[in-house]
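One structure, pasted below without further comment.
Each chain carries a letter (A, B, C and D) given by its place in the written order, and its residues are counted from 1.
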Amino acid sequence: MRIFLFAAETALKSVWHEKWINLLTVLSISIGLLIISAFVTITQNLDSVLKRWSKDFGLVVYLKDGLTSGEESTLRDYFMHDTDVISVKYVSREQAFEELRQTMGEQSSVLEGFESNPLPPSFELTLKSELLTPSNVERKASEIQHLNGVDEVQYGEKWLSSLSTLANIMKVVAVFLGGAIYIAIAFITYSTIKIFFYRRKDEIETLKLLGATRTFIRLPFILEGLFIGVLAGVVSSLGLFGTYSLLLNKISAFLPSISIVMVPLPLRAYIPAPLAGALMSFLGSFVAVGTIRY
Amino acid sequence: MIQFAGVSKSYDTDVVLKDITFTIDKGEFAYITGPSGVGKTTLLKLVYCAERPDEGAIVVAGWDLKKIKQGTIPYLRRNVGIVFQDFRLLPNKTVFDNVALALRIHDMHPQEIKEHVGEVLKEVRLKHKENILPQHLSGGEQQRVVIARAMVSKPTVFLADEPTGNLDVETSRTIMNLFRQINTRGTTVLIATHSEALYHGTGRRVLFLRDAQIEKEIVG
Amino acid sequence: MRIFLFAAETALKSVWHEKWINLLTVLSISIGLLIISAFVTITQNLDSVLKRWSKDFGLVVYLKDGLTSGEESTLRDYFMHDTDVISVKYVSREQAFEELRQTMGEQSSVLEGFESNPLPPSFELTLKSELLTPSNVERKASEIQHLNGVDEVQYGEKWLSSLSTLANIMKVVAVFLGGAIYIAIAFITYSTIKIFFYRRKDEIETLKLLGATRTFIRLPFILEGLFIGVLAGVVSSLGLFGTYSLLLNKISAFLPSISIVMVPLPLRAYIPAPLAGALMSFLGSFVAVGTIRY
Amino acid sequence: MIQFAGVSKSYDTDVVLKDITFTIDKGEFAYITGPSGVGKTTLLKLVYCAERPDEGAIVVAGWDLKKIKQGTIPYLRRNVGIVFQDFRLLPNKTVFDNVALALRIHDMHPQEIKEHVGEVLKEVRLKHKENILPQHLSGGEQQRVVIARAMVSKPTVFLADEPTGNLDVETSRTIMNLFRQINTRGTTVLIATHSEALYHGTGRRVLFLRDAQIEKEIVG
């Protein structure tokens, strides 16, 4: 116990004595952790964008001309009971025309030329977000195509495909980048503690000659590494929170739609990342002082 | 207490010690002498396991250094007090902390440490400098701090390497008296020195090193 | 001259001896420089996006019904001689109808209901990019509105306004961020060299006692700082080039439109940033060894 | 060559030197002696401007140290060779480089440096160890490297602080002979030591320091 207290005292003295290197190290690790957190945040936001847009890219099922209302409600019931479909919206001829007019906006005067409404009625279906990969959607579309009374099925295949590819790439990159950064964090602490170790080589030599055990010599260094890691974790958490809040505020000021799409920062989810950083830092310092020979 | 049997030691191709055999009994007070660079410091280093012999057997305070495990060496060294020729004071610790360190390593209670260190600093006449850093001390004062640190843990074996190289005759005498006191308490004392004045007329054993061997052994 | 060679030798030895801290420092500075370069690149790209989109958001001048071809060419001449306008495109009724059909894509079947073409002919004007602020465009639009034969003038005011605001904000942020990072670079080198200086305090003390001049003592440190700065500049330039190429390749693989919008990396423009970094690094080390007293 | 007039020096409240006045002429060979901690090293430090006096005037080799400018101090020191009591060898440079450093500072040509260093290492009998790092030398060998470094630049004033503390009688004699040679070339030599053996029977001036003052002056 006494040895632990003495080691903690020595570690804190060293933290202060070598404050510049320590600052550099803490900042480097914090930046690494921030990049990880930023990546996680971006990936999550992309997922959220994808889910929101999935509504716009839901299936549109155009119906054949001249269906009876009984045939239409048979189809509605069918969609309602399909577990892949989470929402069903019926769009009548008249609603379709109104929507088109709004979509065309300033050019809608064109539509005044119509004598009769040429648009068919349709069902707008939203699929479960798990199914929103290009191949799934395609499969579903061709399935529906074969139903009685269905004229045509449309969906935004191009956008869907590039966005889901992007999200998948981001996830893979996040895993690799995250792994690389965690290794880098262990390495940074390793080299910092190694520097301190070399710097105090003479002192350690003297301690060994005076009969100090390995634990007595190692403990201060390991504690210092742990301290650096924890500090970096705290700094990165604060940095993330600050940056995210600022960004959300500033960007949403002139791009209000962004706040609909961006997910709020789930603080719970950002504690594991810094914690893992502290652990890697601890590991680094542990390895750095690993080889004391008498 | 200290037994060398056929010990040889070289640095690269440089033979420093060759087939050295001697025994120093428990409670004895002995000297090793010889010209500069003959191997006095090397011999002491072999005793506290800072160097390993190329050949031969060494036994110190019951430990066979041939078989001693890495993890046991600290416990051997806690029984050996050493006055290093190059002092080895920690430059960023005060005189008090430098001496206290030897007891911290023994995991002694802080209150006890304070008492012991105060006492031993009085004995080397440096109590008034206890809060000063080593580099603000004169050469002789630094040497006395090293002596204090070696004494404070009451070791069973006491090794001193040129302990009075920076001390005037009078201070030397005080220090040698201290060594004698330590010896009276039962500690085995071995002193390496080039200075004839130190052993002359003491009536103790003196081992002469020359050309890597123990050339002769006299009574001082 | 001899003293300079000896200092260079000492500096290089130190670079190698303290390789871990040096690596950390070089990487920190490189990251700072990379952030600056990334910001410059993003700002430039945003500018390019803005300029490209300015075409889409150019003014569309709808003409009144029943203009003679003489009246139409009077208007064209007027636009041609307006120095604010850099391109004039005449869109006939028929072309307009074709374009609308293409814009509507899958929904274009709607247009088959038309008996006669209800679209007016128009001029599409592109303004000088300097004029593409919301207020300028608005002024220009109302000016054209009053010309003979003009029915209506349209332009995409909302998007234009938010994009140009974003670009302006980015430019201001870039200046401030850049300044902050350059100061940070000087500071990082300052502290690294200060660390080396403290570490070799004993050695320097001995040199002073042996009669070394200030220059003799300082030179190795300053050279080391300069070396760190130059190295960091090279690393960041390589990093920027690599990242940019990679990004461009990977992203354009599944979002081909990106390569149209992104400007190529003008290598010339990226040499000043690292160079300024090296200079700041040099400055930092110069200040760090500034106070030798005998 | 070295003139002290009414020089006093304290560390904090600790008066180390008080109203010291003496002159050492060009080409003289003198000793300063006194017990440990009396202020011998401090007195030498005043000569090479590592400490400044609280009061009094010091003139060394024509430089009035009261008026000397910061930028001139290096040029004063290039005229003074110093054997430091604590050696001050650079641990990451070989014996050769440590000695050569004194000449590099003088901006001497590498070829010349090589010759000079080789010569002086022979004189202290360490030519065979020139590529070794200081920590691999014995205490006495390190001391001789320091002596070599102080001699190599042929200074006009030579200061030695306890230069034989780690040397046996025989080696001490060799070294003292070297000092005498240097002196014969016209260099002023001042040696601080606690060892009577060093000055006894030399016929040189010996200044005795005690209680911050020059207690007496004898001929050794």
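In this text, contacts are C-beta pairs under 8 Å (C-beta built on N, C-alpha and C of every residue); 3 or more make two chains touch, one makes a residue touch a chain.
Remember, it's a predicted structure, so these values are computed and weren't measured experimentally.
Steps from chain A to chain C, minimised over paths through touching chains, total 1. Relative to chain B, the most remote chain by averaged C-alpha coordinates is C. Chain D has its Cα centroid 29 Å from the Cα centroid of chain B. Work out the mean CA point of chain C and of chain D, and you get 64 Å between them.
Rounded to whole angstrom units, the spacing between the C-alpha centres of chain A and chain D is 70.
Counting partners per residue, chain A has no residue that reaches two or more other chains.
In chain D, no residue reaches two or more other chains under the touch definition. If you draw each protein chain as a dot and join the dots that touch, you get one closed loop, with every dot joined to exactly two others.
Inter-chain contacts occur between A-B, A-C, B-D, C-D. Residue ranges on chain B touching chain D, taken from their complex, read 11, 34-37, 40-41, 85-86, 136-141, 144, 161-162, 165-171, 194, 196-197. Looking at the complex, you find that chain D touches chain C at residues 48-50, 70-71, 73-78, 80, 82, 84, 88, 90, 92, 101-102, 104-107, 109-110, 149.
Residues 2-3, 6, 17, 202-203, 205-214, 216, 293-294 of chain A are the ones that touch chain B when the two sit in their complex. Considering their complex, residues 18, 20-21, 23-25, 27-28, 31, 100, 106-107, 109-110, 112-116, 118-119, 154, 162, 165-166, 169, 188, 191-192, 194-195, 199, 250, 254-255 of chain C touch chain A.
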